[in-house]
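What follows is chain A paired twice: with chain B in the first complex and chain C in the second.
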Partner chain A sequence: MISLAGRDILHSWSKFVFTGIGLGLLIGATLTMAGVYRGMVDDAKVLLNNSGADLWVVQQDTLGPYAESSSIHDDVYRSLLTLPGVARAANVTYLTMQVRRGQQDVRAMVVGFEAGQPGEPEYLVAGRQLTRSHYEAVADVKTGFRLGDRIRIRRHDYTVVGLTRRMVSSGGDPMVFIPLKDAQEAQFLKDNDAILNERARTAANPTLNRPGVPGLLDAIQASQTANRNVNAVLVQLAPGAAAEQVASAVKRWKHLQAYSRSEMEEILVAKLIATSARQIGMFLVILAVVSAAIVAFIIYTMTLGKIREIAVLKLIGTRNRTIAGMILQQAMGLGVIGFIVGKTVATLWAPYFPKYVLLEPGDALRGFLAVMLICTLASTLAIRAALRVDPATAIGG
Partner chain B sequence: MKITQPSGSSLGLGLLAAVLLGGFGLVVARSGPLAPTQVTVAHAEERALRAELFGIGTVEARRSYFIGPTAAGRLKAVHVDVGDRVKAGQLLAEIDPVDLDERLRSLEAAYARAQSAVSATEAQRKDMLARREIAGLNARRYRDLGDQHFVSASAVESRQQELTSAQAAVDATEANLQSARQELTRLKADQDALREQRQNLRLLAPRDGIVTSRDAEPGSTVIAGQAVIRLIEPDSLWVKVRFDQGRSRGLAVGQATRITLRSNPGQPLAGQVARIEPLSDSVTEERIAQVGFDQIPPGLSVGEMAEVTVETTVALAALALPNAAVKHTARGTGVWTLQDGKPAFTVVRLGQASLDGLVEVIDGIRREDAVIVHSERDLAPGKRIKVVEQLAGSLK
Partner chain C sequence: MDGFGIRIEGLRKRYGEGDTAITALKDVNMTVAPGEVVGLIGPSGSGKSTLLKCLGAVIEPTAGRMTLGQEIIYDNGWRLPDLRALRRDRIGFVFQAPYLIPFLDVTDNVALLPMLAGRPNGEARKRAGELLEALDVGHRAKAQPSQLSGGEQQRVAIARALANQPPVILADEPTAPLDSERALGVVRILNDMARQFRTAIIVVTHDEKIIPTFKRIYHIRDGQTFEEPGKAREAPI
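Right after this comes the complex of A and B.
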């Protein structure tokens, strides 16, 4: 028995292949959209992974440090270290800002961390970790910096000594890691104009600049420029310690807020990126529906275009099953080509997206099943149309 | 069944299918969870390790002087300005003496009067002495006459009483004289004190130096202890450096340092650790040390920021690894070693670290052990890896 479907495809293979490729590009766009959504969620998760923390201790009644701003004193970590179950605790600051790179500036999240403590980038793709306590930086590859480059943050130049990969904020901004003390300064210190302005304002205040109390003004000026705050303390638990217990001890006795890993994920995924993720999700649904409709219509019209040939087949006594099999096989073939092309192009163009696109194999598998299902459903419509064809049209029309 | 000759179109279609499937296979193998993690590997080996410390600080003067009055007053004149070089003892500023000169003149007059009073009392004493002498002579003569019964006893007693009175008068004037002299001494002391006070209103330079600040202008009122002029000794400039406590091990006086001034970053200056403060900053967790210049550069400004690198030990050969290989986990500090081509976590004990990113391994791995330095993503035991020379983005 010869394959009717194969014969038919061979007969007009260019039409078939181009339809398949067109379909593939559409499927590729849908898969990419799913990848964009997964990428957003993954950005949030990778932020938590990379911080290397089991517990986030932040200002009381805030959802910090990622979803809300949080400010706590930088000696809090000492009292946290005394709690049972805490293995390591370290200060960390986060600040999203424009970082100068040559003539342009890059949007980046500047992370202040202490070397060798939680918050340090866990793996590098090039260079080394920080060894100096000031003016060195580790940057994400996405920022475009290379080893030896100078980064300007506020008034200081930082030398890039290491590069990381996939170190991003929940918004997808690449990270730049600098020593904690520099980061505290970068976060809270103003530019020179603002400092001079502030000094002049303080000096003009008669209650602060009293002639009878020399040194008072200097003391006030000094206290205005110093800052000893950080955004959060990252806590690593000792093996076997329960996160909830330590968190409740922190909340109860230290008057701070503590989030466990799962709570933080909830905050990031359900609160921080919820709207934008739903936006993408909505678009993904529409795109999937449109793709399904287009696939169905393509197969239906392809079958309708072969009405005369089907009528001839019926005329020569071909069984209905054979005709239905031909249409189904063609539809499936189109689906397979479309999926292969789609998956390939999505993988090829994914790295060129400015934000991370995560193509999960599970999504690909679900996509494949959906494509096959849609193709089958669409072919049933076409099969019905084909079976109702009057064999007379072969000679009549 | 008829065997069909493969036509051109079916061949082309087959080729297309092969290309598509091949591309798909490549894409699946190269990305996603099936792809191996790319890593770079280094071998543990003996390397020269220079333990160095890095800190930042500001240029300060070892000796600086705040010059101001010891009592409240109004500034009369300021003779120097910021940047002037002054000599020890040079007049820098004067406080308005107000009535001090007048009080001095009044004291001078009082002193002159007291001197006159002394002269007058001395004259009086001479007069009294003369009177006592006459009274004495008279008394002796009457006693002799009385003994020979030429005069009555009452006349003798009367002369004797005159002598006693004269003696009392002499004693009184002598006391007066002493009191006048004491008054003179007192006034002299008062005068000296006032002169000292007057002198104290002249603010003098205690040492040779440079004026760094002129904090008050003539006419303004300053209180006791408030600085009018600030001086520094320019040859006592050094850098007050803060080192991270966690890395300050091995810091000692006399160690050689390189000082990089913010104004001249291209040219590090040589120096030495001059002093390590016994108190470290408990809030910022920093160790504080002073670093002196071997030769103070011209035009150095106080308050300038400087980066200081201290060589804490001479270079020593030790089993060393790049610090990018070291991971700090809850299980402890360790590295990923390659065992039969798969990563395995090995706990290590680390020693000194150098600023160029090498860290000494005391325990945990042996020489020539392969250790994963860079990786594309997080590693897990037994994960598939592919060793490459360099990962993306590491182009120099």
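Right after this comes the complex of A and C.
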């Protein structure tokens, strides 16, 4: 038996190809949306991997440092190092801000870390790690900086000495790594006007500026301008140490919050990007419905254009299932063309997206099955119309 | 298959029920012998199309009897479980317009019926080739229907109707869109095919050009048939 659907597709191939391309662009957009979500999840995992930490110690009752702000004293790490099971602990700061590149602003997450400690970028694609205590930076290539470029952060310029790759925040902003002390200053230090204003206010306060207590005002003002806070302490555990036990000890004795790797992943994926995931999910549903509507409309109008031929086919003894199969195969053929086009364009345009788009083979397979299912459902309208055709309409008036 | 190709006795068809019922066929009697071509003539609304649909097993008569070859296919009810197979294997159709399947080439348009009947593709295409040669369109075997003239398309449609060697062909105004020369050509082909394949052919027509070519004519008026001899009694064209 010849393939009626195949012959019809070959006969009107241009209609199929152009419709398939249109559908393919829609499928490409759908696959890309799924890729954006996968990219967000992957960014979150890369962020955790690159931190090199087993535990994140943050301010009590917060989901910091990525999902909520967290502020703890920068000497906490010393006491953490005394806990059983803790091998290394280091301060880090995270601050998403606009940094200057020449006359342009670049959105970046500025990370303050201590050289050679957890939080340092694991590998570089060019240049070297930070070796000086101040005014050097390692930047992700996505920032657009090159070696030797100058980055303006707050009041200081930093020289890019190293470049890294795939170091982004959970929001997709590329990272810029600078020395911890500089980062603390950038994050917490006030501008000169604010400092002068604060000093004047403090000096005018009779409780803080007592003539009978010399040195009190100076001490208070020094404490106001100095910064001793960081956002988190990254902890690496000793071999064999249980993350839950160490985290429990941190909570119990240090009055801080400690998150294990799995808990932090849960915070990032299930909380931080949950709204974005739902947003993307809505887009996927809408795109799927639009795709189904397009396939249904095209197949339905193509079927209506063949009503007389279908009547003749039924009159000469063609089985209903042969006619239904012809329409179904055409719908699925359209889906196959659309999927091939969609997968191709999604692969081609994914690198040009500002945020990481991760196209997973599993998603492509699920997408293909979804397209086939949508095409099958979309063809039912046309199949119903075809099966309702009375073979008697081929005869007489 | 001796005796008759198709015999219709007391066939009736009524649409609807009660006061609104319309009787389209009151008492139709016809007999067409194998190898014979008869004309069925009547004004609009006389019941021609209804009769053709009953004969083509696409609508069910209300009463009567129809015999195909030696087999009673309808006797106040269908006697066959699969009317689709009946239409596919034992009744050929030629329509006013050729209604060829536009996405199949000429050979596959003809071969489709044997394929639907379960014959192997090669055998079906061989049969199609033979019929197309017999109808003098063998040289257009690979053409698409849209590349054929009106007369060629109608010959391909006749070849399709003959593809499963049915004992009966129902032709619904097969010459309507053709000029005189081509119309007479189609009738000549139908006569040739009827003789060659021993097929009983009923031609429904309004076409004055071809009416004189029938040996026997059935008039249908107000749902009843009346037989009269045709003008081409001894020498059909």
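Going forward, the second predicted complex is superposed on the first by the 322 of 397 C-alpha atoms of A that agree within 3 Å, B and C clash if a C-alpha of one lies under 4 Å from a C-alpha of the other, contacts with A are read in each partner's own complex, and residues count from 1 in each chain.
As a working rule, a residue touches a chain if its C-beta (ideal position, glycine included) is under 8 Å from a C-beta of that chain, and two chains touch if they have at least 3 such contacts.
All values reported here derive from a predicted model rather than from experimental measurement.
Student: Once the shared chain is lined up, is A:I337 touching chain B (first), chain C (second), both, or neither of them?
Tutor: In the superposed model, A:I337 contacts chain B only, not chain C.
Student: On the superposed three-chain arrangement, identify whether chain B or chain C touches more chain A residues.
Tutor: Comparing chain B with chain C, the partner touching more chain A residues is B.
Student: Name the contact category of A:Q129: first (chain B only), second (chain C only), both, or neither.
Tutor: Only chain B is touched by A:Q129; chain C is not.
Student: Looking at the overlay, does A:G240 come into contact with chain B only (first), chain C only (second), both, or neither?
Tutor: neither
Student: Could you say whether A:P354 touches chain B, chain C, both of them, or neither, answering first, second, both or neither?
Tutor: neither
Student: Pick one for A:L163: touches chain B only (first), chain C only (second), both, or neither.
Tutor: In the superposition, A:L163 touches chain B alone.
Student: Based on the A-chain superposition described above, do chain B and chain C contact any of the same residues on chain A, and if so which?
Tutor: The overlap between the chain B and chain C interfaces on chain A comprises residues 1-2, 10.
Student: Which part of chain C faces chain A closely enough to touch in the complex?
Tutor: Of all residues in chain C, those touching chain A are 48-49, 52-53, 56, 58-59, 84-85, 87-89, 93, 95, 99, 101-104, 108, 111-113, 115-117, 121, 144, 160, 170, 172, 204.
Student: Using the touch definition up top, name the residues of chain A that touch chain C in the complex.
Tutor: It is residues 1-2, 4, 7-8, 10-12, 308-309, 312-319, 322, 390-392, 394-397 of chain A that touch chain C.
Student: How about chain B: which of its residues touch chain A in the complex?
Tutor: 1-2, 7, 9-10, 12-13, 16, 20-21, 23-24, 27-28, 31-34, 54-56, 221, 223, 225-227, 243-244, 246-247, 283-284, 307, 322-324, 326-331, 333, 353-357, 373-379, 390-396
Student: Which residues of chain A touch chain B in their complex?
Tutor: 1-2, 9-10, 13, 17, 49, 52, 54, 75, 87-88, 114-118, 120, 122-129, 131-135, 141, 146-148, 161-163, 165-166, 181, 211-212, 214, 228, 236-239, 337, 340-341, 343-344, 347-348, 359-361
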